[in-house]
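Following are the structures in question.
Shared chain: subunit A. Partners: subunit B in the first complex, subunit C in the second.
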Partner chain A sequence: MTPVADVLAQPAARSLVRRLRFIEPSMILWLAMIAVLVFLIASPLVRLVVSSLQEPETGRLTLDNYRQAYGSLRHLQALLNSLELGVGVALLAGLFGVPIAWAVSRTDMPAKGLVRLMVLGAFITPPYLAAVGWILLAGPNAGWINKLWIAATGASQGIVNIYSMPGLILVVAITSFPYVFVFTNAALDLVSSEMEDAAHILGAGKWRTMFRVTLPLVLPAILGGLIISFLEAIALFGAPALIALPGRFQVVATQLWQFFEFPVRVEIAAAYAMPLLLITVALFWLQNRLLGRKGYASVGGKGGERRLIALGPWRWVMLGYAGFVCLLAVVLPMTVLLQAAFAKAWGRGFSLDNLTLRNFRYLLFEQTQAQQTIVNTFVYGGATAFAAIALALAIAYVVSRRLVPWTNVLTFLCMAPFVIPGIVLAIGFYAAYAPPPLALYGTGTIVVLAFVTRFLPIAYTSSAAGMRSISPEMEEAVRILGGGRLLAIRKVLAPLLKKNLAGAWILVFIPATRELSSAIFLVGPQTRVISVMLFDLSEEGNFEVLSALGVILLVVTVAIAAVGFRVIGRDFMLRRSA
Partner chain B sequence: MRDVLNTSRRTVLKGGGALVAMGLGLHRAARAQEPRTTSAHQKQLYEAAKKEGELTWYTAHSDDVTAQALGRDFEAAFPGIKANVVRTTAQVAFQRVSQEIKAGAMQVDVLSSTDIGHYVYLKDKKLLEPYVPENASKVLDIYKGYDPDGYYHVTSAGLIGMGYNTEKLKAEEAPRNWTDLLDPKWKDKIAIGHPGFSGYVGTWAVTLRKLYGWEFFEKLAKNNPQVGRSINDTVTMLNAGERIVAATAPNGTLSQSAQKGNPLKMIFPPDGAVLIIAPSGIMKGTKHPNAARLFMEYLLTPEASKIWIGHFNESMRPEVAPPPGVTSAKDVKTIRPSVEEIATGIPEVIKQWRETFGV
Partner chain C sequence: MTTLALRGIEKRFGDFVAVKELDLELRSGEFVSLLGPSGCGKTTTLRMIAGFIDPTAGVIEMDGKVISSPAGSVPPERRQMSMIFQSYAVWPNMTVEQNVAFGLKLRKLPAEEIRCRVREMLDVVQMSHLAARYPAELSGGQQQRVALARALVIKPAVLLLDEPLSNLDANLREEMRFEIRRLHDEFRITTVYVTHDQAEAMVTSDRIAVMNAGRIEQVDAPHTLYTRPRTRFVAGFIGRTNFIDGVCNGSDIVFDRFAVPRGLIENGEALSGKVTFSVRPQSLTLVRNEAALSGRPSVAVTIAERAYLGEFWTYVVVPKEGSLRLRVTAPPLEVYEVGESAWLEIDPRQMAAIS
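Our next item is the complex of A and B:
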């Protein structure tokens, strides 16, 4: 440094030191949190975009990756297939979810508790397990439904073939209609009966009122649910891998997987992932516009009496429909999964001499990896939930107390992973953090980091909502009495938010234990999770062992979640139980 | 009442926990025996390997059941070394290996692929650790000396024929030769593996392309076979009754399943069953070099060969003969392409396959 520069720099340095002295220690923590956010979200995304534009060896700017990604008819066809899948799933999920949500929220349909429980069942079933269940049900020749059909009619062929686009649409729709249900149900619960009364007075019947008044009022919520279902469908990897391959078609996710075959072509995968990213961003923008519109003032949550509509005999029809959907989504696939898990050979059917615990014994004692894999799954799920909530809470605190400028950037970063399909996130993480200098490949850390990123929006939404409900006065009292910010958080905020946080923990934990698409490129042999092991085992089509592993996953997840819900006294939509 | 319920629930939980712990304990106890080392060299390896404590084996050589049985037997033979057995198809195993190479973090110690081309590539890129097991000289002559430089060694072999479900099809109606699969009467009735996953199916496709040209596959596609991933999936498809004929039937897995009482039968085509010769090698950069070497020795022991034949694969050792009545490579006409043909052929047939079959 030249002497002149030295002199010039000195006062600046001194003033910086002086300023640093006034910074609270907690400020450093906030800055660290922000750095973490950039590390988790911005950096893998940027890495993804950059590598899609680079020559892998030289790092030179190129569009060649895009040419290779889109230069083949098959690759373009996969894109179209994904769109078809997404639209089909959204429509079918709407057809399943909206009527049930309406019946549960607005009518006197009986057995609502049971219907809710079934929807919860569909919510916690991972799509790849639903796919296994439906392969057992609707395999073109051996599936239960087809076997019954052939036995009953003497036909030479079955009637349903799961290995087809409609089959895949059905499987994905039954696992994603709960989104439509939850969105629609929540909105309907806020619509008061006044509008409906007005329609009645003006002479409209029940159905006309429903179609012309009630449903249009909650249209934005329905569309929100449909958009989520669409995005779930196009980003999904597991179910398409099980169904599309024997059905002889590809979707974007399975095609992305192919780019990871030898030789690994991350840069082409990145280029090919771009439409997925763009579609998602565009749809979220659309959803925001829809939900942000103010033209639906009656959905205000204030005042208004809400009465249930008496359906008369129609309530049994509605119950029948809800029962039918639950049959497709939960009862049938779960029955055949359980049968297969305890069967010597699933094709031999329901008989005592076909019963065995062999599949479980094999997994727990003979397989060298299953024990560790099961432990990994729940340890990573738990760690993910804790880490995501800690981070989300810190950010929500910074945002709600406006401790730093640009808080909306923080919010945006926290919510951004919502628009990143899991498999794309995994590619970004692989490109950014698998190689040196961090060299995280094969460690549990990279798996947990990816999961934290993926589920941060859930944790953040819950934390931010909780934070908004607490006025700053109480912590200000602590601070006036000489306590620091961290003390205030520990002694005031955390106890007040306990139930909120426990609920958020469960909401992150459940999807983290079943996550496949963001794990698939990141796990090593020591860090495998159940979903990946299921995927590996499914290569051989050994459905008995596969089902047994699925049953273990579901039983443990449900048990942990049930204990959690019992502790906080709320159900899965975080309603207070009566 | 509530308290009573709670107590009993807790007791049940505790009891269950204790049972599981007991089960695990018993299991561990059963494994803790004396090592079954045979030579001074292996003893030396074992002592060094004990310090490493474990090894990771990616294998496509067999189905999961056989692979896990080998892993468990290795653990019993050498107490104190844990075998992490990850069974996938050859191309998926290689995909993970490539990811590890690219990330500079080698996770696998011993790779047992069924696509011999993988070893040609890895050796060429200096990604294999040379090691000549002392047992390598004790195997059957046909398995000796595949790589003169000792980077990889044949550790398993198996046959691919066709197979059928004997409940759905009479023996005289079953196809006899590969080309019979093209008969339109098999439309919607054939199960097949995928060369983009299975090294067995890849080698099979290379062989049949050589015999009949790619037209064979174009015609086969018209019969709309159900495309799985692993070659073993075809056996599952036959058992479930989903399909009747397996175009790619692995003798080991199918015969194993038939022995359990499933209605299955192998067909060895007169044009030749495809003989798969599958090597193993130690990856460069392995964190458990001694355990990896010991495992290479183990794969070539008579004990390992006994497990192989117990699961209807080929024996590596002359002193371990297949049980009577079991068809092995010397009983039927076999064909196999050269290493060179496989190494260049598999990537080609995968590409052609994707064009013809769409996946």
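Our next item is the complex of A and C:
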């Protein structure tokens, strides 16, 4: 008899041996990956909750941290400010994003390609760089707008002050309106002209049709975009720190940061982060309900024939509006940022004798710390992208092949960081990994671990989509011919997913190189990244060097995004799933 | 040479039983089809044989050795089988040649031998001239032949095919049926072939296992299956048929308006009580007048409906003063009008009692 039959003949005695004999060797790898996943996601969250309920010295259960976190008027005011910021940003982002998305998707507005490109530009501009640009534009008195105003009118004071709540709302809105744009655009692309025609036939005019038929159809998608903008705004650290602190007001993110100033009070920060976490989870749930409801938007069908609405002369008005938004979001801040990067002193304006490469030389060749920082940023970004994709791919594989029970729990874990604000995640990471026995604070490892966790949902979404697009039979064909799972993955799955994975790599790499919210809590002197250095430079008021560093970051980002465009195709970053 | 045996196989998905109490034995070199309607468990059965899923009860044996059981199974990669998938699963990242060579490379054969065998196999499936192409540059039929070559080149112990022709157009499908049979005659590999197309199964198979709702209803050679169906499902699924109910009465079996002597029906003596028969339209003959009758059991009928299908007529006839409706086929020149009277002759040897 064969070994198998042999074993089957003695049921009870060697049941463990029997089981082990049938377990595939690759199973060990899958189990290890699952363990890593659980560790990465669960440990910071559990630590966060636990430390918010513990006395730091004794470890005794207490509510004292919550009392301290919410016991002061200042702290409560910061909560309100965050709420105001979030609502303001969501409304303004809607005002920017919805009309442009409609014009690009449904009308004959000219220069759509350019507008799309600008929106993409706004999308890849880190909010803190937009904030710096706007500080140069609208800083009280010294900002460009104010100087022009004073020169033009002879007034003694400027008219705009970026260091204010409206200023902050504007800065955050111009970097988050692309979310609204992408959501709305995707939904509008699925509304068929026939639906609109049905309204026309019943006698509704162009505008009436738009407000009564088209807009309601895509309303859930718009709300989805607004919710994302809101959540981005309340979780953001960089732009508020650059603008709110000089403006002498606090939001939750900056307040959390202050709990980390010496002496570090993680437990209070953890307690104070809870509303952020709860609101985010609740709103994501709401968003899912909104977008998941069937039969509302005609989303799903291919949407029949689509015709563009002829706007007549109004199309120039539409283009003007889109141009205005792009001016605010990209052209103006980028222009002044570039000027400062190549200027001896940015306040001296656009003259030839003010031009210099000194800032770049200083960063790239003279200042060793800056070199280290630039290298760190791209090394961490690359390592994060590789690690996140390896983990996501393994989990997506296990889920799609149902190698273990409870696969939806794995999916849930992979997607969970999506609803955890970066700043909250960072506090959890600090609480989990900074103290002994791991004592990872100040190492590159903790930064990469945090980044991997933070961007895992992006990697997972791409990997799972890729996995779904490949028939399992492709792999089974390898196995029946005598190859194991790992061979099938190496020879067939990976080559077929190449493009997919390259896209995912870029989608993780880009945000990882600009990440500030979680980095600021976790980096040490040797592990600083560009975003943190930018933040430090702004505190020193050194805007020329800061701008040069920002330009370096942007150039690399744009170069990599351009490679992505060529390899993977246009629009790969503006997809809704991303 | 390899024998394959499925003994008491059952597969549950949660509460749903996809395959139950399934017994099937394949002799060495035999070609057996699993035939049945969509969702009856054919693919599930085939995937259990391949080792992709474990049965929840029963065992599968190959050459007398257990390869699948609820406690665990030999993984697919160690079964020495080949499979052709419904989607072909030809790897798009490899050329035709690389696809075919893959299994041989896994067996670590010398490069020269691999090249040689791949070339031979591509000749057999008439694909040599396309060896350097990628699958995206091939037609559906050509891809199917690559899948076939890839599966056969390793000389598998057992070959499994899952509706390999379902994506092809009608002409190509007919051509490939004979191709598959030709290759089987050449290599004599023990083969399990899944299909829901009865013509396909009849052309290719030594025996056909008709499946319904997770069970095998009957396993027989195509001819036997057609002429002697044992269940109502098999009779109805393989070709068209009439179901007529009769009652045993002395030495006759009595039907609506006519009777047939027991002795003329195969196993007729063993029947008792009420019996249902399957009577193929081809076993019934229309005769214009009583004088021309040949002496077989017959009944006067009226033509109720007719349809001309080119190769033959299909008539629906009703016995005079009866209510039974019978479908009859007739050659193109035997033309009857609706409402006309005629005589219907029945060939008792082609009547099959079913349960």
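Going forward, the second predicted complex is superposed on the first by the 547 of 578 C-alpha atoms of A that agree within 3 Å, B and C clash if a C-alpha of one lies under 4 Å from a C-alpha of the other, contacts with A are read in each partner's own complex, and residues count from 1 in each chain.
We adopt the following convention: a residue touches a chain if its C-beta (ideal position, glycine included) is under 8 Å from a C-beta of that chain, and two chains touch if they have at least 3 such contacts.
Just so you know, these numbers come straight off a predicted model, no measurement behind them.
In the superposition on chain A, A:367 makes contact with subunit B only, while subunit C stays out of contact range. Within the superposed three-chain model, A:496 lies in touch with subunit C and out of touch with subunit B [touch as defined at top]. Of the two partner chains placed by superposition, A:353 touches none, neither subunit B nor subunit C. For subunit A, the partner that touches more of its residues is B, with subunit B and subunit C as the two candidates. Contacts of A:521 after superposition on the shared chain: subunit B is touched, whereas subunit C is not. Legend: residue contacts after superposition of the two complexes on their common chain; A:536 is shown touching subunit B, with no touch to subunit C.
When the shared chain is aligned, subunit C comes close enough to touch A:482, but subunit B does not.
Common to the subunit B-facing and subunit C-facing surfaces of subunit A is no residue whatsoever. Residues of subunit B touching subunit A in their complex: 23, 27, 56, 58, 63-65, 68-69, 71-72, 75, 82-89, 91-92, 94-95, 98-100, 102-105, 107-108, 188, 194, 196-197, 226-230, 232-233, 236-237, 239-243, 262, 354-355, 357-359. Touching subunit A in their complex are the following residues of subunit C: 50, 52, 59, 65-67, 69, 71-83, 85-87, 89-93, 102-103, 106-107, 150-151, 154, 160. The residues of subunit A lying in touch with subunit B in their complex are 74, 139-142, 157, 163, 244-246, 248-250, 258, 260-264, 266, 345-347, 362, 364-369, 430, 434-436, 439, 441-442, 521, 524-526, 528, 536-543, 545. In the complex of the two chains, the subunit A residues touching subunit C come out as 1-2, 4-5, 8, 11, 18-19, 21-22, 24, 471, 473-474, 476-484, 487, 491-492, 495-496.
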